[in-house]
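Below are two complexes that have subunit A in common, paired first with subunit B and then with subunit C.
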Partner chain A sequence: MSVALRAPLSVFLKRIIVILPFVLFIAASAPFAAREAGESARPFFGGALLVTDRGIEAFANAALKGALGVFALTALSLSTPFHEMLAGLRWFKVPAILVSLAAFSYRYMFVLLDEASRMKRARDSRGWRGRWIWQSGVVGNMIGSLLLRSFERSERVYAAMLSRGYDGSLPMAELPAPRAFDFAVSVFFFSVIISARLFLT
Partner chain B sequence: MSHYSAIEISNLDYKYPDGTQALQGVSLKVAENETVGLLGHNGAGKSTLILHLNGIIIGGDVRVFGTPVTKKSIRQVRQRVGLIFQNPDDQLFCPTVFDDVAFGARQLGLSEKEVIERVRHSVSEVGLDESILKKNVFHLSFGQKKLVSIATVTAMDARVLVFDEPTAGLDPKARKKIINLLRSLGRTQIIASHDLDMLAQLCDRVVLLSGGSVAAEGKTDDILNDIPLLEKSGVL
Partner chain C sequence: MHIPDGFVSTELSVAAFAISGAVAAVALKKAGKDLGEKQVPLLGVTAAFVFAAQMINFPVLGGTSGHFMGAVLASVMLGPLNAFIVMLLVLSIQCLGFADGGLTALGLNVFNMGVVGGIIGYYMFRGILAVSGKSKNGYAFAVGAASWLSIVLASSVCAFEIALSGTAPLKVVLPSMAGVHALIGVGEAVITVSVVSLVAGVRPDMLHKQMSEARA
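Here is the complex of A and B:
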């Protein structure tokens, strides 16, 4: 498993544990939302909560789907370098503008975080404690100036792109050619999914 | 290439949208293969002037190898004139170093094979190892980012290289490396900076900007040894 992930299993588990509670939390609202008038329901907590069978099914459905999504995304992000993922999105004909947006977000996320932490350090070194409610304005100012700086940076980046002949398309590395192994794995998974659909329902 | 100057600007004015007069009556001529320093205090108009050189700002009479910089000629101009911005985080915007160096070359519509060849050549020309190509730009040191920035324009085969503060923020070793690199790169170079020592080492000629106008220009030694002039112009 960790070979397929190209990372230790413990890293995979750690990442999942961070996200999973959110998925469960969101799914937990499903049983209560799915009750119609007159539908029979089981009482919980001495009748304070009423939950239908259909609600429990909805909960299981949402939780499992969510968890599977988290597993898949975590596995993908661990096993695939970001630029290959972008090339993959391109291959799936995701609109170029969205792929570019993802590429830029990823590239400048780190720069922005760096900038924010430098601002924070400069703020704290001038004795900021952040204890009082009226000091919260400072945080607002910081966010505002970060926004302005990012805006100005985007203009400089755009100028740098133009100066290298940017005309609206962002060429990217091509996908590595699929190996026989990749085909084998894909066929295996698709057949599992299709047979589950055919024989289990 | 021709009997034209690499860069020829005559009587250029520029006012920013907020009304700030950034350039006033600036004329500049740079011969092919010449290295010219643009010296000036903060806000003297160095960066604004540079943005005119490959049409990021279009306006006034700016010629590149005799071709006026207009909307129509912009592709050609941008291939010939490469800007290297001061902050490499502005310059480098692709997920990997390879993509970044390849960006301009790909925009020129070269074949992928040719692109790869140019990328390799440019990266080794600036003294970096090919193993850097696979790296994420975020993981490079500041000095490495500077070198990659230079490779991104040499990969386009630019004839004129324009540097905005190439030595700003570098440690002495990285600074020395950049200076040696600029010396060995050849081509026509325009270097905007207030690093007097670097300009003295590299430039044939220096143009001194002050308050948006050319305060003086001449042989590097003549300008850099004129202490009262430098002090008056706020660069010493």
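Here is the complex of A and C:
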């Protein structure tokens, strides 16, 4: 599995553990669906909560679909380098300007994330311990400085790009040619999905 | 507020993709016409900025924390359509690169945070500004109130979408989403106001041109 992901399994699990609680948290509200008159319900916590079978079904439905979505997207993002993802978007006829914008953001995201974590480290090493919402002003000033630095960086980057002959379009990676293996895997999974839909109800 | 896969009905996802796609087409056309190629580094870096800013948590109550959305901030700085493009970029990259928010729900997430948060947030800002007056305090009030409203409105729309799809009843999901975000919105407002006043003091030329006219 980790070969197919092109990443260690532990990285995959770590990514999933960050996102999954949110999915389960939202799904947890599903069982409280309105109970119809006469519908039987199971008492939980000594009758404090009444949950119907339909509610449990709704929870399982949302939680499983949500979890599968997270698995699939995590596998996609770990196995596919971002420039190939962008080439794929071009293949899907996403406008070129949007794809160059996405390429640009992705490139600077990590630069600015590092900048943000340096600012956080500097703040914390000066003894800041925010616990209450009215202390958010400190975060506001940090984000403000980050914004100014980002804008100034974008001006420098733009000047540098112009001086290297930038004319409004970014060079894009080519989509790698599909191999026979890719076709085989796709056909296999599509036939599993379609036959599950046809024969299992 | 990122909706994962499997929480909303197919009809709603398709409708949201259609609306968000149409708005994206208009916004991209306008962005191309207005500033040309200079727009790419500016919008790209702003999207990267919003992404990084969302990683800085702010405190809420007794050690819990929320994070910044940045839709109203982007629209006050760049105008509503550019803010929409920025949110579109942030959400697409979070979805494709980090599995945050589902692929089938991307249209809805862009609708909630780009259209409701960014575009409607901007017009709420303009509306409040017309009432609160263009003094320094009136301006700050309009920025703060619009930020708070954008968070509460976007999270309520999100709750409606989940309820409309039959995943959870409205009377559970709306109070919990709107209640939590009424509090997170206060942080958003405090941060947006302090960021905008910092920028207005240091680099007033960076505010959206209608904004700098409004201030003058």
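Here is the rule we go by: the second predicted complex is superposed on the first by the 148 of 201 C-alpha atoms of A that agree within 3 Å, B and C clash if a C-alpha of one lies under 4 Å from a C-alpha of the other, contacts with A are read in each partner's own complex, and residues count from 1 in each chain.
The rule is short, and it goes like this: contacts are C-beta pairs under 8 Å (C-beta built on N, C-alpha and C of every residue); 3 or more make two chains touch, one makes a residue touch a chain.
For clarity, every value in this text was computed on a predicted model and none was experimentally measured.
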{"item": "Contacts of A:Ala7 with subunit B and subunit C, given as first, second, both or neither", "value": "neither"}
{"item": "Subunit B versus subunit C as contact partner of A:Leu73, first or second or both or neither", "value": "second"}
{"item": "Subunit B versus subunit C as contact partner of A:Ala62, first or second or both or neither", "value": "second"}
{"item": "First (subunit B), second (subunit C), both or neither touched by A:Ser105", "value": "second"}
{"item": "Partner chain(s) touched by A:Arg153 [first = subunit B, second = subunit C, both, neither]", "value": "both"}
{"item": "Contacts of A:Arg164 with subunit B and subunit C, given as first, second, both or neither", "value": "first"}
{"item": "More subunit A residues in contact [subunit B versus subunit C]", "value": "C"}
{"item": "First (subunit B), second (subunit C), both or neither touched by A:Phe82", "value": "both"}
{"item": "Doubly contacted residues of subunit A, that is, touched by subunit B and again by subunit C", "value": "82, 103-104, 106-108, 111, 153, 157, 161, 166-167"}
{"item": "Subunit B-touching residues of subunit A, taken from the complex the two chains share", "value": "82-83, 86, 103-104, 106-108, 110-111, 153, 156-157, 159-167, 171-174"}
{"item": "In the complex with subunit C, residue positions of subunit A that touch it", "value": "15-16, 19, 22-23, 26-27, 29-30, 32-34, 58, 61-62, 64-66, 68-70, 72-74, 76-77, 82, 85, 95, 97-98, 100-109, 111-113, 115-117, 119-120, 130-137, 139-148, 150-151, 153-155, 157-158, 161, 166-168, 170"}
{"item": "Interfacial residue positions of subunit C with respect to subunit A in the complex", "value": "2-7, 24, 28, 31-32, 36-38, 40-49, 51-53, 55-63, 65, 68, 73, 77, 85, 88-90, 92-93, 95-100, 102-104, 162, 166-169, 171-173, 176, 183, 186-187, 190-195, 198-199, 202-203, 206"}
{"item": "Contact footprint of subunit A on subunit B as seen in their complex", "value": "51, 54-56, 75, 78-79, 81-83, 85, 87, 89-91, 93-96, 98-99, 102-104, 106-108, 112, 136-138, 152-153, 156"}
